[in-house]
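Next up, some structures in C-alpha coordinates.
Across the two complexes that follow, chain A remains constant while its partner is chain B and subsequently chain C.
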Partner chain A sequence: MATYTLISSNVLSSSAASVTFSAIPATYTDLALRVSVRRSASGRQDLLLAVNGSTSDGSNTWLQGSGAAATSGTSSGQYVRINNIVPSTAETASTFGSAEFYLPNYTVATNKPIGSFGVGENNATTAYIGAVASLYSQTTTISSLVLSLAAGSFDTGSSFYLYGISNA
Partner chain B sequence: MATTYEKIATTTLGSATANITFSSTAGTYTDLVLVLVPKYVSTTATKLTINSDTTTNYSATWLYGDGSTAGSFRLSNVSPVIINYFNNTSAQSSMNIVNFQNYSNTTTYKTFISQNNNAGAGTDAGVFLWRNTNAITSIKLEPGTGNYDTGTIATIYGILKA
Partner chain C sequence: MSETPTKVIVNCETGVTEVLPLTAEEIADMETARVAAEDQRAAAEADAAVVAAAKESANAKLSALGLTAEEIAALTK
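This part shows the complex of A and B:
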(Lines of atoms letter the chains of each structure in order from A and count residues from 1; the text may use other names and numbers.)
(Lines give C-alpha, C1' and ligand atoms only; values in the text may rest on other atoms or scores of the structure.)
Protein backbone atom coordinates (compact mmCIF):
# COMPACT_ATOMS: atom_id res chain seq x y z
CA MET A 1 0.00 0.00 0.00
CA ALA A 2 1.23 3.44 -0.81
CA THR A 3 2.43 5.30 2.24
CA TYR A 4 1.02 8.76 1.53
CA THR A 5 -2.34 8.60 -0.22
CA LEU A 6 -4.90 11.19 -1.18
CA ILE A 7 -8.19 10.21 0.47
CA SER A 8 -10.33 13.05 -0.79
CA SER A 9 -10.14 16.65 -1.99
CA ASN A 10 -12.45 19.57 -2.54
CA VAL A 11 -11.74 22.75 -4.50
CA LEU A 12 -14.62 25.17 -4.10
CA SER A 13 -16.37 26.43 -7.21
CA SER A 14 -18.64 28.59 -5.07
CA SER A 15 -18.44 29.85 -1.52
CA ALA A 16 -19.27 27.39 1.23
CA ALA A 17 -19.81 27.72 4.97
CA SER A 18 -18.08 24.43 5.67
CA VAL A 19 -16.29 21.53 4.03
CA THR A 20 -16.73 18.00 5.34
CA PHE A 21 -14.65 14.88 4.96
CA SER A 22 -16.79 11.99 6.14
CA ALA A 23 -16.49 8.20 6.19
CA ILE A 24 -12.73 8.51 6.51
CA PRO A 25 -11.39 4.97 6.20
CA ALA A 26 -9.66 3.57 9.28
CA THR A 27 -6.99 1.92 7.17
CA TYR A 28 -4.19 4.45 7.65
CA THR A 29 -1.96 5.35 10.58
CA ASP A 30 -2.02 9.15 10.41
CA LEU A 31 -4.03 11.82 8.62
CA ALA A 32 -2.68 15.03 7.09
CA LEU A 33 -5.15 17.74 6.10
CA ARG A 34 -3.76 20.54 3.92
CA VAL A 35 -5.84 23.57 3.03
CA SER A 36 -5.62 26.85 1.15
CA VAL A 37 -8.43 29.12 2.31
CA ARG A 38 -9.89 32.60 2.00
CA ARG A 39 -13.04 34.19 3.40
CA SER A 40 -15.69 35.42 0.98
CA ALA A 41 -16.50 38.54 3.03
CA SER A 42 -14.64 41.16 5.00
CA GLY A 43 -12.78 40.34 8.20
CA ARG A 44 -9.84 38.03 8.79
CA GLN A 45 -10.99 34.82 10.43
CA ASP A 46 -9.96 31.83 12.51
CA LEU A 47 -9.86 28.42 10.87
CA LEU A 48 -11.87 25.81 12.76
CA LEU A 49 -11.71 22.02 12.63
CA ALA A 50 -14.51 19.95 14.13
CA VAL A 51 -13.30 16.41 14.72
CA ASN A 52 -16.11 13.85 14.46
CA GLY A 53 -18.47 16.82 14.39
CA SER A 54 -17.51 17.92 17.88
CA THR A 55 -17.39 21.62 18.69
CA SER A 56 -16.59 21.08 22.36
CA ASP A 57 -13.90 18.40 22.67
CA GLY A 58 -10.97 20.41 21.36
CA SER A 59 -8.39 22.27 23.42
CA ASN A 60 -5.61 24.38 22.02
CA THR A 61 -2.33 25.91 23.11
CA TRP A 62 -1.12 28.29 20.46
CA LEU A 63 1.92 30.29 19.49
CA GLN A 64 1.25 33.18 17.14
CA GLY A 65 3.21 35.89 15.38
CA SER A 66 1.59 38.96 13.85
CA GLY A 67 4.60 40.60 12.30
CA ALA A 68 4.90 42.84 15.34
CA ALA A 69 4.65 40.53 18.34
CA ALA A 70 4.73 36.89 19.37
CA THR A 71 2.00 35.74 21.74
CA SER A 72 0.72 32.52 23.24
CA GLY A 73 -2.62 31.48 24.65
CA THR A 74 -5.03 28.65 25.25
CA SER A 75 -8.61 27.75 24.53
CA SER A 76 -10.65 24.75 25.51
CA GLY A 77 -14.10 23.18 25.17
CA GLN A 78 -14.29 24.05 21.52
CA TYR A 79 -12.95 23.38 18.03
CA VAL A 80 -9.40 22.62 17.05
CA ARG A 81 -8.48 26.12 15.97
CA ILE A 82 -5.84 28.23 14.23
CA ASN A 83 -6.44 31.90 14.95
CA ASN A 84 -6.43 34.72 12.39
CA ILE A 85 -4.82 32.97 9.46
CA VAL A 86 -7.70 33.16 6.95
CA PRO A 87 -7.50 36.31 4.77
CA SER A 88 -10.71 38.06 3.76
CA THR A 89 -11.89 40.47 1.12
CA ALA A 90 -10.42 43.22 3.27
CA GLU A 91 -6.94 41.77 2.68
CA THR A 92 -4.89 41.74 -0.50
CA ALA A 93 -6.83 40.22 -3.40
CA SER A 94 -6.15 36.61 -4.32
CA THR A 95 -4.27 35.85 -1.12
CA PHE A 96 -5.14 32.62 0.64
CA GLY A 97 -4.10 31.29 4.01
CA SER A 98 -2.31 27.95 4.13
CA ALA A 99 -2.52 25.40 6.90
CA GLU A 100 -1.78 21.82 7.72
CA PHE A 101 -3.34 19.70 10.43
CA TYR A 102 -1.51 16.48 11.33
CA LEU A 103 -3.53 13.83 13.17
CA PRO A 104 -1.36 10.87 14.23
CA ASN A 105 -2.76 7.50 15.27
CA TYR A 106 -6.32 8.61 14.54
CA THR A 107 -7.72 5.10 15.04
CA VAL A 108 -6.03 4.40 18.39
CA ALA A 109 -8.38 4.46 21.39
CA THR A 110 -6.74 7.34 23.23
CA ASN A 111 -7.29 11.07 23.34
CA LYS A 112 -5.86 12.42 20.10
CA PRO A 113 -3.05 14.99 19.93
CA ILE A 114 -3.22 17.15 16.81
CA GLY A 115 -0.50 19.44 15.52
CA SER A 116 -1.21 22.30 13.16
CA PHE A 117 0.61 25.13 11.49
CA GLY A 118 -0.94 27.97 9.51
CA VAL A 119 -0.04 31.22 7.83
CA GLY A 120 -1.99 34.13 6.35
CA GLU A 121 0.61 36.24 4.59
CA ASN A 122 -0.91 39.08 2.54
CA ASN A 123 1.78 41.75 1.94
CA ALA A 124 0.12 44.14 4.37
CA THR A 125 0.93 45.66 7.75
CA THR A 126 -0.35 42.69 9.69
CA ALA A 127 -0.28 39.03 8.83
CA TYR A 128 -0.40 36.01 11.06
CA ILE A 129 1.54 32.80 11.50
CA GLY A 130 0.48 30.23 14.06
CA ALA A 131 1.52 26.87 15.48
CA VAL A 132 -1.02 25.07 17.61
CA ALA A 133 -0.88 22.06 19.90
CA SER A 134 -4.39 20.65 20.11
CA LEU A 135 -6.04 17.75 21.82
CA TYR A 136 -9.26 16.06 20.78
CA SER A 137 -10.43 14.62 24.08
CA GLN A 138 -12.25 11.57 22.81
CA THR A 139 -10.97 8.05 22.36
CA THR A 140 -13.15 7.20 19.38
CA THR A 141 -11.63 6.71 15.94
CA ILE A 142 -11.66 9.87 13.86
CA SER A 143 -14.05 9.31 10.97
CA SER A 144 -15.04 12.83 9.97
CA LEU A 145 -13.46 16.27 9.78
CA VAL A 146 -15.41 19.48 9.24
CA LEU A 147 -13.66 22.72 8.39
CA SER A 148 -15.30 26.10 8.85
CA LEU A 149 -14.59 29.69 9.82
CA ALA A 150 -15.41 31.42 13.07
CA ALA A 151 -17.66 33.65 10.96
CA GLY A 152 -18.62 33.65 7.30
CA SER A 153 -17.84 31.32 4.43
CA PHE A 154 -14.88 30.03 2.47
CA ASP A 155 -14.34 31.81 -0.82
CA THR A 156 -14.32 30.26 -4.28
CA GLY A 157 -10.96 28.67 -4.98
CA SER A 158 -10.38 27.52 -1.43
CA SER A 159 -8.96 24.01 -1.55
CA PHE A 160 -8.89 21.10 0.87
CA TYR A 161 -6.85 17.91 0.60
CA LEU A 162 -6.99 15.00 3.02
CA TYR A 163 -4.17 12.45 2.94
CA GLY A 164 -3.79 9.12 4.69
CA ILE A 165 -0.34 8.05 5.82
CA SER A 166 0.36 4.39 6.48
CA ASN A 167 3.17 2.83 8.43
CA ALA A 168 2.07 -0.67 7.48
CA MET B 1 5.52 6.43 -10.82
CA ALA B 2 7.98 5.98 -7.98
CA THR B 3 6.65 6.21 -4.47
CA THR B 4 8.08 9.34 -2.90
CA TYR B 5 7.08 8.89 0.74
CA GLU B 6 7.89 5.51 2.19
CA LYS B 7 7.85 3.99 5.61
CA ILE B 8 11.31 2.85 6.63
CA ALA B 9 10.50 1.46 10.07
CA THR B 10 7.92 1.72 12.81
CA THR B 11 7.71 0.71 16.45
CA THR B 12 4.69 0.37 18.71
CA LEU B 13 5.78 -0.44 22.24
CA GLY B 14 4.08 -3.36 23.92
CA SER B 15 5.88 -2.72 27.19
CA ALA B 16 7.89 0.05 28.84
CA THR B 17 11.18 0.50 27.01
CA ALA B 18 14.27 2.63 27.62
CA ASN B 19 14.84 3.74 24.05
CA ILE B 20 13.86 3.38 20.40
CA THR B 21 16.59 3.20 17.79
CA PHE B 22 16.18 3.38 14.04
CA SER B 23 19.31 1.97 12.50
CA SER B 24 18.12 1.41 8.97
CA THR B 25 18.30 4.96 7.62
CA ALA B 26 20.52 3.99 4.70
CA GLY B 27 21.07 6.76 2.18
CA THR B 28 18.31 5.63 -0.13
CA TYR B 29 16.22 8.71 0.41
CA THR B 30 16.64 12.46 0.23
CA ASP B 31 14.98 13.44 3.50
CA LEU B 32 13.68 11.70 6.60
CA VAL B 33 10.50 12.39 8.57
CA LEU B 34 10.21 11.08 12.12
CA VAL B 35 6.75 10.94 13.72
CA LEU B 36 6.75 10.24 17.45
CA VAL B 37 3.66 9.94 19.64
CA PRO B 38 5.26 9.28 23.01
CA LYS B 39 3.89 8.08 26.27
CA TYR B 40 6.17 8.55 29.23
CA VAL B 41 6.40 6.77 32.56
CA SER B 42 7.50 9.99 34.25
CA THR B 43 7.53 13.69 33.48
CA THR B 44 10.21 14.23 30.89
CA ALA B 45 11.04 14.95 27.25
CA THR B 46 12.73 13.06 24.42
CA LYS B 47 16.47 13.08 23.81
CA LEU B 48 17.88 12.29 20.38
CA THR B 49 21.28 10.86 19.44
CA ILE B 50 22.56 10.49 15.88
CA ASN B 51 24.95 7.73 14.84
CA SER B 52 25.66 6.96 18.51
CA ASP B 53 27.57 10.24 18.76
CA THR B 54 27.64 11.11 22.46
CA THR B 55 30.06 14.01 22.16
CA THR B 56 28.75 17.53 22.56
CA ASN B 57 28.19 18.08 18.86
CA TYR B 58 24.59 19.21 19.13
CA SER B 59 22.88 22.56 19.49
CA ALA B 60 19.25 23.68 19.46
CA THR B 61 17.07 26.76 19.23
CA TRP B 62 13.36 26.81 20.03
CA LEU B 63 10.44 29.16 19.51
CA TYR B 64 7.78 28.25 22.02
CA GLY B 65 4.44 29.17 23.53
CA ASP B 66 3.08 27.82 26.79
CA GLY B 67 -0.34 29.39 26.68
CA SER B 68 0.66 32.64 28.31
CA THR B 69 4.17 33.43 27.16
CA ALA B 70 5.89 33.23 23.79
CA GLY B 71 9.64 32.99 23.85
CA SER B 72 12.80 31.53 22.48
CA PHE B 73 15.56 29.49 24.05
CA ARG B 74 18.71 27.79 22.93
CA LEU B 75 21.32 25.28 23.99
CA SER B 76 24.75 24.73 22.49
CA ASN B 77 27.43 22.08 22.86
CA VAL B 78 25.12 19.46 24.33
CA SER B 79 24.76 15.72 23.97
CA PRO B 80 22.33 14.22 23.39
CA VAL B 81 19.97 16.92 22.24
CA ILE B 82 16.47 17.31 23.68
CA ILE B 83 13.91 17.73 20.90
CA ASN B 84 10.99 19.01 23.02
CA TYR B 85 11.08 22.34 24.74
CA PHE B 86 8.27 21.23 27.05
CA ASN B 87 8.24 18.22 29.31
CA ASN B 88 5.33 15.82 29.13
CA THR B 89 3.66 14.30 32.12
CA SER B 90 2.74 10.64 31.93
CA ALA B 91 -0.91 11.62 31.50
CA GLN B 92 -0.44 14.05 28.62
CA SER B 93 -0.83 13.22 24.93
CA SER B 94 1.64 14.81 22.57
CA MET B 95 3.19 14.45 19.15
CA ASN B 96 6.49 15.32 17.55
CA ILE B 97 7.41 15.57 13.89
CA VAL B 98 11.09 15.91 13.04
CA ASN B 99 12.37 16.56 9.52
CA PHE B 100 15.94 15.70 8.53
CA GLN B 101 16.80 17.33 5.21
CA ASN B 102 19.54 15.99 2.95
CA TYR B 103 20.49 13.57 5.69
CA SER B 104 22.84 11.38 3.70
CA ASN B 105 25.18 13.98 2.25
CA THR B 106 28.75 13.86 3.54
CA THR B 107 29.76 17.48 3.07
CA THR B 108 27.53 19.46 5.44
CA TYR B 109 26.74 19.47 9.11
CA LYS B 110 23.19 18.19 9.55
CA THR B 111 20.31 20.48 10.40
CA PHE B 112 16.96 19.09 11.44
CA ILE B 113 13.74 20.83 12.42
CA SER B 114 10.81 19.82 14.56
CA GLN B 115 7.34 20.79 15.62
CA ASN B 116 6.28 19.47 18.99
CA ASN B 117 2.73 19.70 20.26
CA ASN B 118 1.42 19.09 23.74
CA ALA B 119 -1.89 20.84 24.33
CA GLY B 120 -1.40 20.46 28.08
CA ALA B 121 1.97 22.19 28.15
CA GLY B 122 2.70 24.10 24.97
CA THR B 123 3.79 24.09 21.36
CA ASP B 124 7.28 24.63 20.06
CA ALA B 125 9.23 24.72 16.85
CA GLY B 126 12.85 23.74 17.09
CA VAL B 127 15.90 23.78 14.86
CA PHE B 128 18.85 21.53 15.66
CA LEU B 129 22.38 21.16 14.41
CA TRP B 130 24.59 18.10 14.55
CA ARG B 131 28.13 19.23 13.85
CA ASN B 132 29.22 16.23 11.85
CA THR B 133 29.41 15.68 8.10
CA ASN B 134 28.71 11.96 8.20
CA ALA B 135 25.52 10.62 6.69
CA ILE B 136 22.85 9.90 9.30
CA THR B 137 22.62 6.13 9.61
CA SER B 138 20.96 5.75 12.98
CA ILE B 139 18.67 7.78 15.25
CA LYS B 140 18.18 6.94 18.91
CA LEU B 141 15.25 8.30 20.91
CA GLU B 142 15.08 8.07 24.68
CA PRO B 143 13.23 9.80 27.50
CA GLY B 144 15.24 12.24 29.59
CA THR B 145 14.29 10.15 32.60
CA GLY B 146 12.57 6.80 32.87
CA ASN B 147 11.13 4.77 30.02
CA TYR B 148 8.77 5.16 27.15
CA ASP B 149 5.54 3.56 28.22
CA THR B 150 3.38 0.98 26.48
CA GLY B 151 1.60 2.48 23.50
CA THR B 152 4.38 4.78 22.36
CA ILE B 153 4.48 4.83 18.57
CA ALA B 154 7.45 5.98 16.51
CA THR B 155 7.71 5.81 12.74
CA ILE B 156 10.38 7.01 10.37
CA TYR B 157 9.61 7.75 6.73
CA GLY B 158 11.90 8.38 3.78
CA ILE B 159 11.21 10.98 1.11
CA LEU B 160 12.61 10.44 -2.37
CA LYS B 161 13.45 13.11 -4.90
CA ALA B 162 13.65 10.51 -7.65
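This part shows the complex of A and C:
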Protein backbone atom coordinates (compact mmCIF):
# COMPACT_ATOMS: atom_id res chain seq x y z
CA MET A 1 0.00 0.00 0.00
CA ALA A 2 1.31 3.42 -0.93
CA THR A 3 2.28 5.72 1.92
CA TYR A 4 2.09 9.51 1.52
CA THR A 5 4.58 11.53 3.59
CA LEU A 6 4.44 15.31 3.72
CA ILE A 7 7.91 16.53 2.71
CA SER A 8 7.27 20.28 2.93
CA SER A 9 4.47 22.80 2.63
CA ASN A 10 3.94 26.52 2.42
CA VAL A 11 0.94 28.82 2.79
CA LEU A 12 1.63 32.28 1.43
CA SER A 13 1.36 35.13 3.92
CA SER A 14 1.93 37.62 1.11
CA SER A 15 1.78 37.38 -2.67
CA ALA A 16 4.66 35.70 -4.49
CA ALA A 17 5.57 35.24 -8.15
CA SER A 18 6.84 31.72 -7.58
CA VAL A 19 7.14 29.01 -4.99
CA THR A 20 10.10 26.64 -5.11
CA PHE A 21 10.59 23.34 -3.35
CA SER A 22 14.35 22.78 -3.38
CA ALA A 23 16.62 19.99 -2.10
CA ILE A 24 13.87 17.42 -2.53
CA PRO A 25 15.09 14.16 -0.98
CA ALA A 26 15.60 11.25 -3.37
CA THR A 27 14.28 8.74 -0.86
CA TYR A 28 10.77 8.15 -2.18
CA THR A 29 9.36 6.35 -5.20
CA ASP A 30 7.01 9.08 -6.46
CA LEU A 31 6.19 12.72 -5.70
CA ALA A 32 2.79 14.39 -5.51
CA LEU A 33 2.43 18.16 -5.44
CA ARG A 34 -0.95 19.49 -4.35
CA VAL A 35 -1.79 23.16 -4.50
CA SER A 36 -4.65 25.55 -3.91
CA VAL A 37 -3.94 28.82 -5.70
CA ARG A 38 -5.36 32.19 -6.65
CA ARG A 39 -3.93 35.11 -8.61
CA SER A 40 -3.49 38.45 -6.83
CA ALA A 41 -4.58 40.53 -9.85
CA SER A 42 -7.23 40.41 -12.54
CA GLY A 43 -7.20 37.76 -15.28
CA ARG A 44 -7.57 33.99 -14.95
CA GLN A 45 -4.20 32.31 -15.40
CA ASP A 46 -2.40 29.10 -16.29
CA LEU A 47 -0.53 27.18 -13.61
CA LEU A 48 3.07 26.41 -14.55
CA LEU A 49 5.49 23.87 -13.13
CA ALA A 50 9.21 24.11 -13.90
CA VAL A 51 10.96 20.84 -13.07
CA ASN A 52 14.55 21.31 -11.89
CA GLY A 53 14.11 24.94 -12.89
CA SER A 54 13.65 24.11 -16.57
CA THR A 55 11.21 26.17 -18.59
CA SER A 56 11.93 24.38 -21.87
CA ASP A 57 11.98 20.62 -21.26
CA GLY A 58 8.28 20.06 -20.73
CA SER A 59 5.77 18.89 -23.31
CA ASN A 60 2.06 18.64 -22.70
CA THR A 61 -1.00 16.92 -24.11
CA TRP A 62 -3.99 18.64 -22.62
CA LEU A 63 -7.74 18.27 -22.39
CA GLN A 64 -9.76 21.22 -21.16
CA GLY A 65 -13.38 22.01 -20.41
CA SER A 66 -14.72 25.50 -19.79
CA GLY A 67 -18.37 24.87 -19.06
CA ALA A 68 -19.18 25.78 -22.67
CA ALA A 69 -16.72 23.77 -24.75
CA ALA A 70 -14.20 20.96 -24.57
CA THR A 71 -10.87 21.47 -26.29
CA SER A 72 -7.60 19.62 -26.52
CA GLY A 73 -4.12 20.22 -27.82
CA THR A 74 -0.41 19.80 -27.39
CA SER A 75 2.52 22.03 -26.53
CA SER A 76 6.22 21.46 -26.22
CA GLY A 77 9.51 23.09 -25.26
CA GLN A 78 8.07 24.78 -22.23
CA TYR A 79 6.71 24.35 -18.69
CA VAL A 80 4.46 21.58 -17.49
CA ARG A 81 1.23 23.53 -17.70
CA ILE A 82 -2.44 23.43 -16.73
CA ASN A 83 -4.34 26.11 -18.63
CA ASN A 84 -6.83 28.57 -17.16
CA ILE A 85 -7.47 27.00 -13.77
CA VAL A 86 -6.15 29.77 -11.50
CA PRO A 87 -8.92 32.21 -10.50
CA SER A 88 -8.15 35.90 -10.25
CA THR A 89 -9.70 38.98 -8.72
CA ALA A 90 -12.08 38.95 -11.69
CA GLU A 91 -13.57 35.66 -10.47
CA THR A 92 -15.67 35.07 -7.36
CA ALA A 93 -13.99 36.40 -4.22
CA SER A 94 -11.95 33.97 -2.12
CA THR A 95 -12.13 31.17 -4.67
CA PHE A 96 -9.06 29.09 -5.41
CA GLY A 97 -8.04 26.65 -8.11
CA SER A 98 -6.96 23.19 -7.01
CA ALA A 99 -4.42 21.05 -8.77
CA GLU A 100 -2.28 17.99 -8.35
CA PHE A 101 0.90 17.07 -10.18
CA TYR A 102 1.93 13.43 -9.88
CA LEU A 103 5.59 12.61 -10.66
CA PRO A 104 6.26 8.86 -10.70
CA ASN A 105 9.77 7.40 -10.49
CA TYR A 106 11.34 10.83 -10.07
CA THR A 107 14.80 9.46 -9.29
CA VAL A 108 15.05 7.08 -12.25
CA ALA A 109 17.48 8.13 -15.00
CA THR A 110 14.95 8.38 -17.80
CA ASN A 111 12.69 11.12 -19.13
CA LYS A 112 9.91 11.69 -16.59
CA PRO A 113 6.18 11.45 -17.28
CA ILE A 114 4.01 13.75 -15.17
CA GLY A 115 0.24 13.53 -14.76
CA SER A 116 -1.64 16.69 -13.80
CA PHE A 117 -5.21 17.56 -13.02
CA GLY A 118 -6.69 20.88 -12.02
CA VAL A 119 -9.96 22.68 -11.55
CA GLY A 120 -10.71 26.35 -11.22
CA GLU A 121 -13.46 27.67 -9.00
CA ASN A 122 -15.89 30.40 -9.97
CA ASN A 123 -19.49 31.02 -9.06
CA ALA A 124 -20.42 31.73 -12.68
CA THR A 125 -21.03 29.92 -15.95
CA THR A 126 -17.39 29.77 -16.95
CA ALA A 127 -15.00 27.68 -14.87
CA TYR A 128 -12.22 25.51 -16.17
CA ILE A 129 -11.09 21.95 -15.66
CA GLY A 130 -7.93 20.51 -17.15
CA ALA A 131 -6.16 17.18 -17.39
CA VAL A 132 -2.63 17.11 -18.75
CA ALA A 133 -0.24 14.31 -19.67
CA SER A 134 3.26 15.75 -19.66
CA LEU A 135 6.80 14.64 -20.25
CA TYR A 136 9.83 16.27 -18.67
CA SER A 137 12.60 15.41 -21.11
CA GLN A 138 15.58 15.19 -18.77
CA THR A 139 17.06 12.11 -17.17
CA THR A 140 18.36 13.76 -14.01
CA THR A 141 16.71 13.08 -10.66
CA ILE A 142 14.06 15.64 -9.85
CA SER A 143 15.36 17.74 -6.96
CA SER A 144 13.42 20.98 -7.32
CA LEU A 145 9.96 22.06 -8.39
CA VAL A 146 9.04 25.67 -9.17
CA LEU A 147 5.42 26.76 -9.42
CA SER A 148 4.40 30.02 -11.04
CA LEU A 149 1.67 31.61 -13.13
CA ALA A 150 1.78 32.50 -16.81
CA ALA A 151 1.47 36.09 -15.60
CA GLY A 152 1.35 37.77 -12.22
CA SER A 153 1.69 36.45 -8.69
CA PHE A 154 -0.01 33.97 -6.40
CA ASP A 155 -2.33 35.59 -3.88
CA THR A 156 -2.05 35.45 -0.11
CA GLY A 157 -3.52 32.20 1.20
CA SER A 158 -2.39 30.12 -1.75
CA SER A 159 -1.06 26.84 -0.38
CA PHE A 160 1.46 24.28 -1.59
CA TYR A 161 2.04 20.74 -0.29
CA LEU A 162 4.73 18.34 -1.51
CA TYR A 163 4.34 14.65 -0.67
CA GLY A 164 6.74 11.78 -1.07
CA ILE A 165 5.18 8.44 -1.87
CA SER A 166 6.70 5.15 -0.83
CA ASN A 167 5.79 1.71 -2.18
CA ALA A 168 3.78 3.28 -4.98
CA MET B 1 6.06 52.38 -8.88
CA SER B 2 5.13 48.71 -8.67
CA GLU B 3 6.54 46.40 -6.02
CA THR B 4 9.31 44.00 -6.97
CA PRO B 5 7.84 40.49 -7.23
CA THR B 6 9.11 37.99 -4.71
CA LYS B 7 9.86 34.30 -4.79
CA VAL B 8 9.39 31.79 -2.00
CA ILE B 9 11.97 29.03 -1.64
CA VAL B 10 11.23 26.07 0.62
CA ASN B 11 14.32 23.99 1.32
CA CYS B 12 13.01 20.47 1.85
CA GLU B 13 16.25 19.33 3.48
CA THR B 14 16.55 22.05 6.12
CA GLY B 15 12.92 23.11 6.38
CA VAL B 16 13.98 26.74 5.97
CA THR B 17 11.72 29.00 3.91
CA GLU B 18 13.14 32.15 2.31
CA VAL B 19 11.27 35.02 0.67
CA LEU B 20 13.50 36.84 -1.80
CA PRO B 21 12.96 39.60 -4.37
CA LEU B 22 13.28 38.49 -7.99
CA THR B 23 16.37 39.74 -9.75
CA ALA B 24 16.04 41.81 -12.92
CA GLU B 25 17.34 38.81 -14.87
CA GLU B 26 14.74 36.50 -13.32
CA ILE B 27 11.97 38.94 -14.13
CA ALA B 28 13.18 39.17 -17.73
CA ASP B 29 13.49 35.39 -18.00
CA MET B 30 10.00 34.88 -16.63
CA GLU B 31 8.59 37.38 -19.10
CA THR B 32 10.38 35.75 -22.03
CA ALA B 33 9.20 32.29 -21.04
CA ARG B 34 5.69 33.59 -20.40
CA VAL B 35 5.43 35.18 -23.83
CA ALA B 36 6.74 32.05 -25.55
CA ALA B 37 4.37 29.77 -23.67
CA GLU B 38 1.44 32.12 -24.23
CA ASP B 39 2.14 32.22 -27.97
CA GLN B 40 2.24 28.44 -28.10
CA ARG B 41 -0.98 28.10 -26.14
CA ALA B 42 -2.73 30.65 -28.34
CA ALA B 43 -1.59 28.74 -31.43
CA ALA B 44 -2.85 25.45 -30.01
CA GLU B 45 -6.21 26.98 -29.11
CA ALA B 46 -6.46 28.56 -32.57
CA ASP B 47 -5.80 25.15 -34.13
CA ALA B 48 -8.48 23.62 -31.94
CA ALA B 49 -10.90 26.37 -32.98
CA VAL B 50 -10.21 25.69 -36.67
CA VAL B 51 -10.93 22.00 -36.17
CA ALA B 52 -14.14 22.79 -34.27
CA ALA B 53 -15.28 25.17 -37.01
CA ALA B 54 -14.53 22.57 -39.72
CA LYS B 55 -16.48 19.98 -37.77
CA GLU B 56 -19.45 22.32 -37.42
CA SER B 57 -19.34 23.12 -41.14
CA ALA B 58 -19.15 19.44 -42.05
CA ASN B 59 -22.09 18.65 -39.80
CA ALA B 60 -24.12 21.43 -41.44
CA LYS B 61 -23.36 20.05 -44.89
CA LEU B 62 -24.29 16.54 -43.86
CA SER B 63 -27.51 17.86 -42.37
CA ALA B 64 -28.27 19.67 -45.64
CA LEU B 65 -27.88 16.33 -47.41
CA GLY B 66 -30.67 14.97 -45.27
CA LEU B 67 -28.78 13.08 -42.54
CA THR B 68 -30.35 13.17 -39.08
CA ALA B 69 -28.40 14.31 -36.04
CA GLU B 70 -28.21 10.68 -34.88
CA GLU B 71 -26.80 9.60 -38.24
CA ILE B 72 -24.20 12.38 -38.19
CA ALA B 73 -23.22 11.46 -34.64
CA ALA B 74 -22.89 7.82 -35.66
CA LEU B 75 -20.43 8.79 -38.40
CA THR B 76 -18.05 10.41 -35.94
CA LYS B 77 -18.04 7.62 -33.34
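As a working rule, the second predicted complex is superposed on the first by the 165 of 168 C-alpha atoms of A that agree within 3 Å, B and C clash if a C-alpha of one lies under 4 Å from a C-alpha of the other, contacts with A are read in each partner's own complex, and residues count from 1 in each chain.
The rule is short, and it goes like this: a contact is a pair of C-beta atoms (placed from the backbone, for glycine too) under 8 Å apart; a residue touches a chain by one contact, two chains touch by 3 or more.
Only a predicted model underlies this, so the values are computations on that prediction, with no experimental measurement involved.
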- Give one of first, second, both or neither to describe whether A:T71 is in contact with chain B, with chain C, with both, or with none. both
- For A:I142, is the partner it touches chain B (first), chain C (second), both, or none of the two (neither)? neither
- Query: Regarding the shared-chain residue A:N10, is it in contact with chain B (first), chain C (second), both, or neither?
  - Reply: second
- Between chain B (first) and chain C (second), which does A:S166 come into contact with in this model arrangement: first, second, both, or neither? first
- Does chain B (first) or chain C (second) touch A:V19, or do both, or does neither? second
- Message: After overlaying the two complexes on chain A, where does the chain B footprint on chain A coincide with the chain C footprint?
- Response: 71-74
- Query: Along chain A, where are the residues that touch chain B in the complex?
  - Reply: 2-4, 29-30, 59-65, 70-74, 102, 104-105, 108, 110-115, 117, 131-135, 165-168
- Message: Per the contact definition, I'd like the list of chain A residues that touch chain C in the complex.
- Response: 7-10, 12, 14-25, 46, 48, 55-56, 69, 71-79, 81, 83, 148, 150-151, 153, 160, 162
- Task: Under the touch definition given earlier, write down the residues of chain B that touch chain A in their complex.
- Result: 3-7, 10, 35, 37, 63-71, 93-95, 97, 115-125, 151, 153, 155, 157
- Item | Residues of chain C touching chain A in the complex | 5-15, 17, 19, 22, 29-30, 33-34, 36-38, 40-41, 44-45, 47-49, 52
